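When the chains are written out, they are named A, B, C and D in that same order, and each has its own residue count from 1.
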């Protein structure tokens, strides 16, 4: 499962990997690096133990409006978090039509290959492209069955996080 | 709702009356006297605040086997509790036949009068005797309809807690 | 001398709990009162018995003199402890208690009256040879303009009937004086029903140091050393410590003597605090607080004297039984006030219901807390939730213990000042003891002025993602273990009932 | 001198928490280990990092020398604190640490060896002029029979390799001696792998008084006054206090000097305790405990000295920096050990999972606790759950605070010794300070010997009926608020995961 975290500084993508590392321990990939992370309830419904990179800290997380208030020992950040895959973010907030979905680079890296061409029909979960960062490769998959409308990037060049790789028209035209 | 509490010393009947006295407060009748009792959770599933007769205390109650371990600040009692009405208590534990029920004094006091005589038919709830203690009078009632088989005490003398006042044969002869 | 056997506590929260605990060590039956939202509060649970007050608004609850007197009678109380705030410094209440034959645990009504009239009290204190800030008595607007030059700028306009930091205005020059006077007079009428104002010289960066005193009804007065209370926000103390890192032994001795002289000048009886401003090594007495202070535990940790016990004994007419040379201080103590305010959003009050609490403990630690799961934190009452107090053989140990304790502590349900406190006790200037009344303002610069911490951002992002992941998994959780789930739900619901 | 920066704590429960808190005041990184059932224990949460141990059985967990050494290496620890129990007095472990270049926080291996050989230690102590009980060295059965007359009846058979009250037999007359010897030798082999026994005179009703000492590696030794530990069950201390109500000033001084002499006689280094039996005003040294004692907090409360900090400094090679005349005692402290044992059923261990905990707090109180919701209380480890410590300016205040604190405390999930403790601190003989090692046995008489308390019976009956009523109503509860119920259930389940 991938999550896009926005709101304070540069956007981040945090991927929670299967299987977990053990009881109460998860594997998390962020900035292309994988961590064994401890995550367990600490107090009430708001406080959690986060153990990461050799440090244990208590984190308070409180939903506020659409976002999350995240309080560490001293710092506080107002963040938003949303699933980043398999469903790409819909463009409703940009006022666009609902008839296309974009496949975006979840992190900055080398776009190794693009596996589709415009006009091609793809099944849900088909590989659209392969991206590489921090010596790891990752497949970008089609979030739904449909037709490739546009390919905006070519293999072999650097892409930035969030850059649109391809645009699909889902079967049924969206919604 | 009436509850028979047995196991430590003389048997007791505790009646929880409707309606309750207020939020978190119940009305309880015991030994013929009514109390406004506070009852609210104190800790976990075991500890309760009991406020009664001007005192607040924490009580721990833990089911053990068929009974309850009840721990007060210092004391501990192993009790059994069961709905006391409308079914009279059966005599199974004494190994006798099931054909009689005893009406016992619930507390030490003066037996004011005995209202029945051997051979008399009584309805359920009929007054069998009146006992007085701590300046209060309390009626002892027939737990079920039946016939008085034996009267063991006479009015005007002191009785001890648990002493049998009368023995009834319930209609139908028991189970 | 009339022994106290049943004490009605006309207060709530941590101070009511504190007073109940003092009763336990004296064999006194503590009796509580509570407003509707406080029905499940710790002070209600810990007392021998508790009486409801009609509504939550202070005027109907903990300021409700008529109802409190009725309850005192019904409960068979022979004394009332007002705690701090609410009725603690109200001469009318003290007089009403006396008239009803109840011991008021605090100074007699006439002493409250005298200390409440700041102008007159200052004159009496100055007459006793204790240095006070240049200032005036109650002045009309015209008199104020005339006197301002003699007092000197910057100066403060203060309300004669005031207290608790309310109605105070700083004026930098004569141009601003007339409009500030108009504003202050309006506020004074609104807050205290008393339009009288006076002027006082303002020190831009003083330290706030106060001295605890105990005085019995037989003329004995001792002091228990000082507390440094310079960490303040909006004139409200946030962190206090004893001894003050700013005092030399000589200064400490002179301050103690001045405090006793000031207390004697106003005829003080019971526990009280003489407040001073310290400007390098000059000090000025600003007022006598005629009550138990929030920050009294630091003095208790250092001296070993139970101040609430002393209050009760003095109120019962007992002699002090403690000579100045018997008061021996040991080590260092610091107190942090944990309040329901959001330090990352301008210290706005954070209202809600306490869900769960984790309080620190261990060697040298004391927590005076009014927290309990289920307790509503409302707009009706002060945001103070708990006081964390650390003692150590040295200041360094006390502060290290405090830092660890603040890390241990957590409150679920409302935002608290814990992040601010964690920052403050680790701040290099605070650690060095070099701070004054402007210290707390540095938090705002620190929070707003620095670039986002990349380490914190990454931790927060991972936490946010895991939180969302956890919630997602929960949503799709199959409905297993239903019976057990229901049992637990029922238990939780039943717990909710009681709190 | 080698500073400690990362400390591995080879223990669990309240003492591991206690050591972590000492680290915080010294800037040392505390590192924890845990057996599988302790994964959610407080010491794991409070440490900077924690390493799992392979299984719960002590030999595989907190006694697992090989694994602990591996973890120490992996964690970059430069020192190991063994707490008490487990490896605290194991010379092989101390030697293994030294061989691995790790500081063992405790006496050096050779001192542990010397103190562990009770017979030899006693000879050395006697040679230093400290009174010891008449007794023998290690004896064969034949030698024992011959020596018994000289020692005098009643006498004790003790294991040379023993400790913690195990393998001790009281013999009243020569008739019983041979069979008791046979029994004791078998137990000694089973428990300690060492069949050696010795005899010691038995005092029927002594008081158990011990003296805390601190000795550095440079020859300085001080004592920190005594602890009275006469409230014992099965040779295990249950309540301790300081100062002892049994000592005069003169006796206290002589006892302190004897303790220092005994410590010097065995070449003691680090924190230790010299135990004495007191028979009116005669005292006899019985042994030197080469570890931090469970009951060390009462000494800390009275002296203001942090004993774990002192242990760490001494282990790092620092000089004591504390002269005998700098140790000033103030007030009175008492400790109650709250254990998972059922005092109404023969103090049988009570196993289960901690559901919820309510711990006392307030002025003068300290709670050292290993309790947390979700923690299993298993047969593998000591039943000690938490220590409640109360300080007061006088013994009376300390005991009143303790009584109130024990009433405040509650543990859900297992039975505890709280009822016994509540009884003890209110017992008139205990309150008067007139008790000896037989005191705790009076609980059994009290519980079993008195008629059922009518008041308690009535309260219990009402509570039982209301409990049944509540359960009945719950059973017929309509299934309302389902969504909310599910949310709560999920939360509780998720909490369960983490603890």
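Here, contacts are C-beta pairs under 8 Å (C-beta built on N, C-alpha and C of every residue); 3 or more make two chains touch, one makes a residue touch a chain.
Quick caveat: nothing in here was measured; it's all calculated off a predicted structure.
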Item to check | Mutual neighbours - chains that touch chain B and chain C alike | outcome: D
Item to check | Interface with more contacting C-beta pairs, comparing B-D to A-D | outcome: B-D
Next on the checklist: I'd like the angle of the rotation relating chain A and chain B after CA superposition, in degrees, nearest 5.
Outcome noted: 175
Item to check | Approximate Å spacing (C-alpha centroids) for the pair chain B, chain D | outcome: 46
Item to check | Separation of mean Cα positions, chain B and chain A [Å, integer] | outcome: 67
Checklist entry - If you average the CA atoms of chain C and of chain D, how far apart do the two points sit, in angstrom? => result 38
Next on the checklist: With centres defined as the mean C-alpha position, give me the chain A-chain D separation in Å.
Outcome noted: 53
Next on the checklist: Show the residues in chain C shared as contacts by 2 or more other chains, in ascending order.
Outcome noted: 470, 494
Checklist outcome for this item: Each of the following residues of chain B touches two or more other chains, namely 42, 45
Item to check | Interchain contacts, given as pairs of chains that touch | outcome: A-C, A-D, B-C, B-D, C-D
Item to check | Complex interface listing, chain D residues touching chain C | outcome: 17-18, 21-22, 24-27, 46, 297, 300, 304-306, 308-309, 328, 330-331, 359, 361-369, 392-393, 397, 400-401, 403-404, 408, 470, 474, 477, 481, 485-486, 488-490, 492-494
Next on the checklist: Per the contact definition, I'd like the list of chain B residues that touch chain D in the complex.
Outcome noted: 1, 3, 5, 8-9, 12, 14, 16, 26, 28, 30-31, 35, 37, 39, 42-48, 50, 52, 57-62, 68, 70-77, 79, 81-83
Checklist entry - Which positions of chain C touch chain B when the two form their complex? => result 39-40, 45, 47-49, 491, 494-495, 497-499
Item to check | Residues of chain A that touch chain D when the two form their complex | outcome: 23-24, 40-42, 45, 49, 54-56
Item to check | chain D residues touching chain B - in the complex, by the definition given at the top | outcome: 343-344, 355-358, 407, 410, 412-413, 415, 419, 422-423, 452-454, 456-470, 472
